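Got some structures for you, see below.
Presented sequentially are two complexes of chain A, the first with chain B as partner and the second with chain C.
Now for the complex of A and B:
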């Protein structure tokens, strides 16, 4: 029984570096219990929001006090490293902002707000695990945890047809995607005999060296990698696995849409980076750059093609949208495309660029959705027509939205420019190397896409500042102070970090440490 | 010679083959050798011995679904409790606390469902 006891000891030792996650686990339970109190109390939303922020705060405090040395936990299931910690901060930031946004809003009736917060905490736990998973099983489980909560929250508005459609589409699409991914993982395990991400590269090399029938092995390996890529691609809404995205974004309650557009996307990129860059760009790589191959499959080239398809389709489809939520959904698909450029570069600089971009993206995208909530509460609509004359009715919201939209385009001096700049630099760095011409093509297409995106972002700005109001404006309800504060803070952050980006660079380059057990 | 990962699946394939083969053979034998004298009582669906009252393809109250869900949750709890109970002395206090946390999680869920009125059958 010594064997068993040593397992218990491993688990207990691991729990010491697992405290933020434990806080979220118990926080989820605590929020479910809190939900049962203060049934008809007028201060119910405020109290529940305080509870949720407290849970996130405890998790954050424990994250700060956690040992910083990289290490493996629970027999190699997850790892603590700077990379994971960076993403955990991102998720805490996004979740905190979402809690603040949803408390005063009308999207969640007070009676059901506690449910939302409890599920949100569970989702943050899933995102934490996604960012730190170092085992294929853990990758699958954490993606499932995030997805299952997302399905429920996408259909949160009971009796709403769009919500029901969103939830059903999401369940079917997500179920198939994660099933396909699990199937690919089973092939990978059958071939390599391991589920540990850190061991994949070595085993692949070993397999290539052994005398198995090369063609069959190669084919199985390629199929397995494609299936796993499909699972991750679904999570970040990359073409051709993006179809669920606009409908789900439109049907879900807007504060949750805001969270959905940043949290799971960032976590999906964390998984992709750990898998493709952390594990597979090492010793198994035959040549550097675009030709870098796993079992004969040049994955940076494939990611590059995905990136081009994703940003082009996202931007071109966004041009035709008149519903702001759908417009932002297609814009978020396009942004997944830009981010994939960084992955395709397969370099430390590319990883850093993705991290910087995601950090900025959280602030500007949550800010944009906050404006959508504000307008929807005043007019009951998400149509671009109702944004006409917003500058007169609500100067703060219009100005902040303009800042976010220009930042999403990537125009200086806004923070989005810094993120895009680093992404392009990472790609252009690869141009002198092998396959450099293709990287140049990727960069050019990326630049063209940014120009296209300017058109539909500016269309919204024009509606807000220049166009005459579509209908006689009704008396708008007073904006909650919380919204005004959040809008100003986000807009100021986007402006400040567009001019003074050293802290972001320092933080991300300190977080570039990926544990390779 | 060490087995390649694929070769280690051979025993599993063998079990699959023998298992499905056995089931197939038994069904075939029963079909060929067994006498067949159907009557009304034999052909009616089995409902724990009571007389059937209608078709099984009927609409059910959605509340059964929640009860079934709760049943599965506590069923799985038992599945986890059994191996722990067998090894509880070896696992010591750490195992005990882990199990307490596990059970407490389920109790929270049950309390939530209860307070939300899911278990009220009156309406």
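Now for the complex of A and C:
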């Protein structure tokens, strides 16, 4: 009985460092209730958006006041460390921008805006937990929390065939991917006797010394890890688990697509980094090369192959797209490929590069989707034909979109260049070491892919600035002031961080501590 | 015959494979969701068996309990989505829910 009481004490003590998540939990419920109270209020969207921002603001304030020392909460289920805190800020930023984007838009009718915000808050809670999960059980639960909300929100438009199809495809792909991941976890649990991520590497080494048949244990380990990678790969939309991505992005309401392309992707990378880099790279990671075994598994090589496949397929398929939402979907797949390069490098620099890139990616990708929303509200279409002559109709949107697209390509002086630069430096750092030739190949393929991506991004820029309008433009509705402000702010941020990136570097290097249990 | 760990693991692996086959071959959306449940239950059998024969304690059982609850939640969301598909497409055959193509 005393044993149980001490566990209760641990949980109560942990709750003190769990306040941002608690704020989001209660915020979700409060949003559902406020939604009912303001049923017929004329200023409903503004009030609901303020409420949602308030919830995020309270979570942010509690995040600031939280102790920064790394520690473990709830008997090793989740960790508080600089790494998790960085990602939490990223999610709050993305969610805040999404709330602002969706308030004045037509994607969400005012009558249903409240449930969207409530579900969005629940999703942010899931993302918080994903970024800080240090136990396989918690990884699975948080991924499922994010996924279940995503399935619902992907099919949010009632009576829309594309939305219904998108959510059906999403729930089937997502269910299979997380089920496969769970099956891998069950083998890992049986083999190593633990679900704590921090103990995995030690147990694997113990296993190798235990005298069990080496080939069989290694095979089982590799199978289990590949199955687990399926679950993580589906969250970040990496090849071969990317198939859901274009259809879901196209069918979902655009503000949610924007959030989906940054939030869960960043959280998926947080889980992957904790699992592969934080846990499975012991002291040997520095010396082990590309194809070498780290913790008994050649995972940098596996991730490297995934990275090449993901960016190549994403870029080549994006070339043929004429729907802007699908084009951005394939571009987001390609960006997952670039980010995987940093993971494959298996070094602190690689981790830092991923964090920098994700931070920039949130701003430039949300900005791009904001332009898609703007054009869709004026013309009712997402086809590239409707972007012709946008520079004359809406100079601000066209200029901002050009900035975002060049930044996504990685051209200086835009912020995307800084992100890519750090990713490539992380990979090239490993070239003199063991297996360095493979890292060189990875970097070359990455550079070639960036060149390919220039083609389809510039195609959009050409349509906006050079091509004649496809049809005589109808009288476009006035752009909400909120959109103009957000567009200018994101474009300026992309430009400023492309020229003055020291704050990002300082922040990410201070956030590099990963709690290892 | 003595029932050992390997018997449970074979059952778990079979359930997993049946689940994958069901998901890939079924045309009825509800059938596909049942395949997902089979995959989850295959993992559950593994967790319970490993816990009993190898690891000890209760952590595997607790994991399985959480999975059961989540499987129920996922089934609820999945069936709601199937209902939405039925209302818009007038069918739950997954072959017809294929409008978006590049």
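Heads up, the rule we're going with is that the second predicted complex is superposed on the first by the 507 of 517 C-alpha atoms of A that agree within 3 Å, B and C clash if a C-alpha of one lies under 4 Å from a C-alpha of the other, contacts with A are read in each partner's own complex, and residues count from 1 in each chain.
Note that in this section a contact is a pair of C-beta atoms (placed from the backbone, for glycine too) under 8 Å apart; a residue touches a chain by one contact, two chains touch by 3 or more.
None of these values were measured; they are calculated from a predicted model.
Once the two complexes are laid over each other on the shared chain, residue contacts for A:486 go to neither chain B nor chain C. Of the two partner chains, chain C is the only one that A:167 touches; chain B does not reach it. Of the two partner chains placed by superposition, A:124 touches none, neither chain B nor chain C.
After overlaying the two complexes on the shared chain, residue contacts for A:33 are found with chain B alone; chain C is out of touch. In the superposed model, A:228 lies in contact with neither chain B nor chain C.
Of the two partner chains, both chain B and chain C are touched by A:190. In the superposed model, A:100 lies in contact with neither chain B nor chain C.
In the superposed pair of complexes, A:8 makes contact with chain B only, with no contact to chain C. The partner that reaches more residues of chain A, of the two candidates chain B and chain C, is C. Residues 190, 193 of chain A lie in contact with chain B in one complex and with chain C in the other. On chain B, the positions that touch chain A within their shared complex are 4-6, 8-9, 87, 90-92, 94-95, 105, 108-109, 111-112, 115-116. Listing the residues of chain C that touch chain A in their complex gives 9, 12, 16, 19-20, 23, 29, 32-33, 35-36, 39-40, 42-44, 46-47, 49-51, 54-55, 59-60, 62-63, 66-67, 70, 73-74, 77-78, 80-82, 84-85, 87-89, 94, 97-100, 102.
Taken together, the chain A residues at the contact with chain B in this complex read 1, 4-5, 8, 11-12, 29, 32-33, 35-36, 190-193, 210, 212. Residue ranges of chain A in contact with chain C, taken from their complex: 136-137, 140-141, 144, 148, 151-152, 155, 158-162, 164-169, 171-172, 175-176, 179-180, 182-183, 185-187, 189-190, 193, 195, 246-247, 250-251, 317, 320-321, 326.
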